[in-house]
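Shared chain: chain A. Partners: chain B in the first complex, chain C in the second.
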Partner chain A sequence: MINDKNSKKIVDIIQDFSRRHSLFVLAYGTGCGAIEIPPTMTSRYDAERFGIRGMATPRQADLLLITGYLASKTLKRVIRAYEQMQDPKYVIGFGSCTINGGMYWDSYNTIKILSDYIPVDVYINGCMPRPEAVITGFIELQNLIKEGKANGAQKYKENLEWYRENQRKVIKDWKMPDYNW
Partner chain B sequence: MTDTILDKEQKLVQLLEQTFKKLSGKVVRQRRVTVSVEKELVPSVLSYAKSQLGYIHLSHISCVDWPENNNFEIIYILWSPADKVQLFIKTLINRENPEIDNVDMIWKHANTYEREIREMYGIQFNGLVGAQEFILEDWDDMPPMRRDFDTVDYVDNNYTFRPGREDAGDVREEIIKRSGEDIPDFAKKYSRD
Partner chain C sequence: MTIYAKLGYTLLGLLIVLNWGFLMGATFRKIGARVAGRYGIPFYQPWLNLLKNISTRTTITHGVMYYIGPVFRLTGGIGLFLFMPMVFTGTVDGPWTNFSFEGDLILILYFQVFGMLGMALGAGQGGHPYSAMGIARGLAQHAAVELPLTLAFISIAIQFDTFSVYKIVAAQQGGIENWVLFTNPFAAATIILAMLGAMGHSPFNLVKAPNEILIGPATEFEGTYLGFMQSAGSILHVMEAVLFMNLVFGGASNWIELIVKTFLIYFWSVFVGMVFPRFKIEQSVTWFFKVPLLLGFLAIIIYSF
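This part shows the complex of A and B:
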């Protein structure tokens, strides 16, 4: 029975299994932490053994990896990239800059808390986090997906008003397209 | 001995001072010369240095804010591949109504530096073309690189922090409190106060 509760759950399990073992990453590497992405992806730490690999465009990616500080200007691009991504989508905030401003806490043009503007599923702390920490963060995300807790996109849809309000505080001249997701 | 080492630098200063009456030059050290000029003279000094003295490369245009003296200082950094001397041409402009002639007809890429200075310090370059907005987007406060721009104040008004930053004290004191260790002497001199 396809509409039976149990069978749906099995489909979910299979879906989540495939999702968490094929995380295609769109790395938004404008922060200095991006320098830890190449070692993570290449042979030494080899993130591909977890099914994690880079992806070229937002529409093909599952995971948006924000490596470090975002200027109010780059935040605009991040929001656009995030809104173009297909469901299911996840966000990892990488480095202390995304958590609370990091060493740019008194800078006039970087945002301080990333999860005020887009929903973040996992934060990896450190300035900058080593590849081991990055991979731990990925595995944490995989566990969240397994438990069905990585529902940032859901949160974004439900609280769109609140996110928009925060975004508009930084992006004063709002000329952003609306994506129908 | 030093005379022969600084020969070409001194010659350069002499030459510039002979050509332009309202110019004072100084040899800082080997391969580094600074000259101060009035702002009206800047384009002619630059084009003279480029066409006659071989300073064909404009490395950078920089700006310093001196609110104490109510001045902006604009510095043109030139380089001569033949002499291997860096020539700093400095000029002071008034902070109240800051404007200066643009020089992008001498070096095209001066345009980029001038637009950056215009945005970051609010200095008008007469005759400068190019979009007003360069690096900042929708900026409506005072130009952020001016020294009287209070970044901490701006941040407090525009961003929020997660709780936990307020008590950000000296890390060493916190370590002592938690672990009971004493700071080694060598570390004390880096202490905040």
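This part shows the complex of A and C:
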């Protein structure tokens, strides 16, 4: 039976297997790092063999890829895209700029630490990370999903107040729709 | 054959068709990858995608029609399947002829439009201002495809004096020279060209491409509904191929023959898609209104005298 504790585990295992081998990526190509996405997807590195493929719309995507520095103006769009994605959803921060600001550490119009605004499951460092590093990041995410540790969406829901507070500090004219998960 | 046995065979057939559709979809992506010099997805990727999609939460709603849209599409696919004889066994009461009856060709023509209509209604209720644009494009191309296709169907119907797909298949038995491909080459040529549009692969896939337009039917649905649409798409692909196989290439006398023939028919459209880049909607509409439509008229004119 589905509600039986042991067989539920089996269902979970099957679901997690399908989730980690079928990641639809919504690439938010903000910074210079986005230029490493085409070689990752095309013939040289071919990320599709791991079940990773691009998706044009947030509603059908599982993985939000923030590829580099994020201007405070675009943060609003990222939040809207992230909140429209359906559970379970994951975020990869890509490049030093998403980790600590990178070479834009003293810029007045970029955000510095991405995980202050949306929950990040995996960071890939480097300026810019090579496709090998990107694929390693994807595989790291797959391992996290396997271990059941990639629950950023859960964290977001639980700490919504804290995230909202940080977001509002950057987005002064807050005119956002409320999504109910 | 009792009605229960018939139902059992039909359900089993639907299962085979669904899985064969997934496998064809995977092979399509694999061939695309190989053409681009990549390794490509594993063959079981569509099943994983389906599993993932149905285990994703679905929380967005735009009203009743939004839910019914994908169901419509699935109904279109299954309806196409229900009235299509799959395997020719010598009797219309045989195991794999489903619920084929006199005049099922007309019903099949109707079911081909059904799915598209469902999508249009669903996306229409989405309320996005641009969804009307996506729908208009989709329906315009669909109409342009259907016109030559219908002319060819009618030509074949006149040729064999029947609207029953089963009888058309039966009339083509007994050797390759009896196929419509050779007995009615104009209708066959029309179908072979218009088929490219019906399959919706590369030159004519602007309608389905989510990144060509902000919000078209293909971008509105998520989660379980995406899974629905994926399954419906697979069933539709196989059923279109089976329809053309029945009408032009002499049907199939067993499942192996069906699989080989539908594979070849499907991959005609895939290989054309690999070579030609995507057409704009006005290009594709004018394309269908030139050669295929002319051939369709010829096919009709020849058989009306």
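Rule of thumb we're sticking to: the second predicted complex is superposed on the first by the 181 of 181 C-alpha atoms of A that agree within 3 Å, B and C clash if a C-alpha of one lies under 4 Å from a C-alpha of the other, contacts with A are read in each partner's own complex, and residues count from 1 in each chain.
To be clear about the criterion, a contact is a pair of C-beta atoms (placed from the backbone, for glycine too) under 8 Å apart; a residue touches a chain by one contact, two chains touch by 3 or more.
What you are looking at is a predicted structure, and each value in this text was computed from that prediction instead of being measured.
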item	value
Touching partner for A:176 - first (chain B), second (chain C), both, neither	neither
Which partner reaches more residues of chain A (counting touched residues only), chain B or chain C	C
Chain B versus chain C as contact partner of A:113, first or second or both or neither	first
Touched partner set for A:32, first chain B, second chain C, both or neither	neither
Partner chain(s) touched by A:73 [first = chain B, second = chain C, both, neither]	first
A:21 touches, of chain B and chain C: first, second, both or neither?	second
Which superposed partner A:144 touches (first chain B, second chain C, both, neither)	neither
Partner chain(s) touched by A:133 [first = chain B, second = chain C, both, neither]	neither
Contacts of A:101 with chain B and chain C, given as first, second, both or neither	first
Touching residues on chain C, where the partner in the complex is chain A	29, 33, 36-42, 45, 48-49, 51-52, 55-60, 210-211, 219-223, 226
Chain A - residues contacting chain C, complex	14-15, 17-19, 21-22, 42-43, 46, 48-49, 51, 55-57, 59-60, 62, 84, 86-88, 180-181
Touching residues (chain side chain B, partner chain A) in the complex	135-138, 140-141, 144, 149, 151-152, 154-155, 158-162, 164-165
Chain A - residues contacting chain B, complex	72-73, 76, 99-101, 105-109, 111-113, 116, 169-173
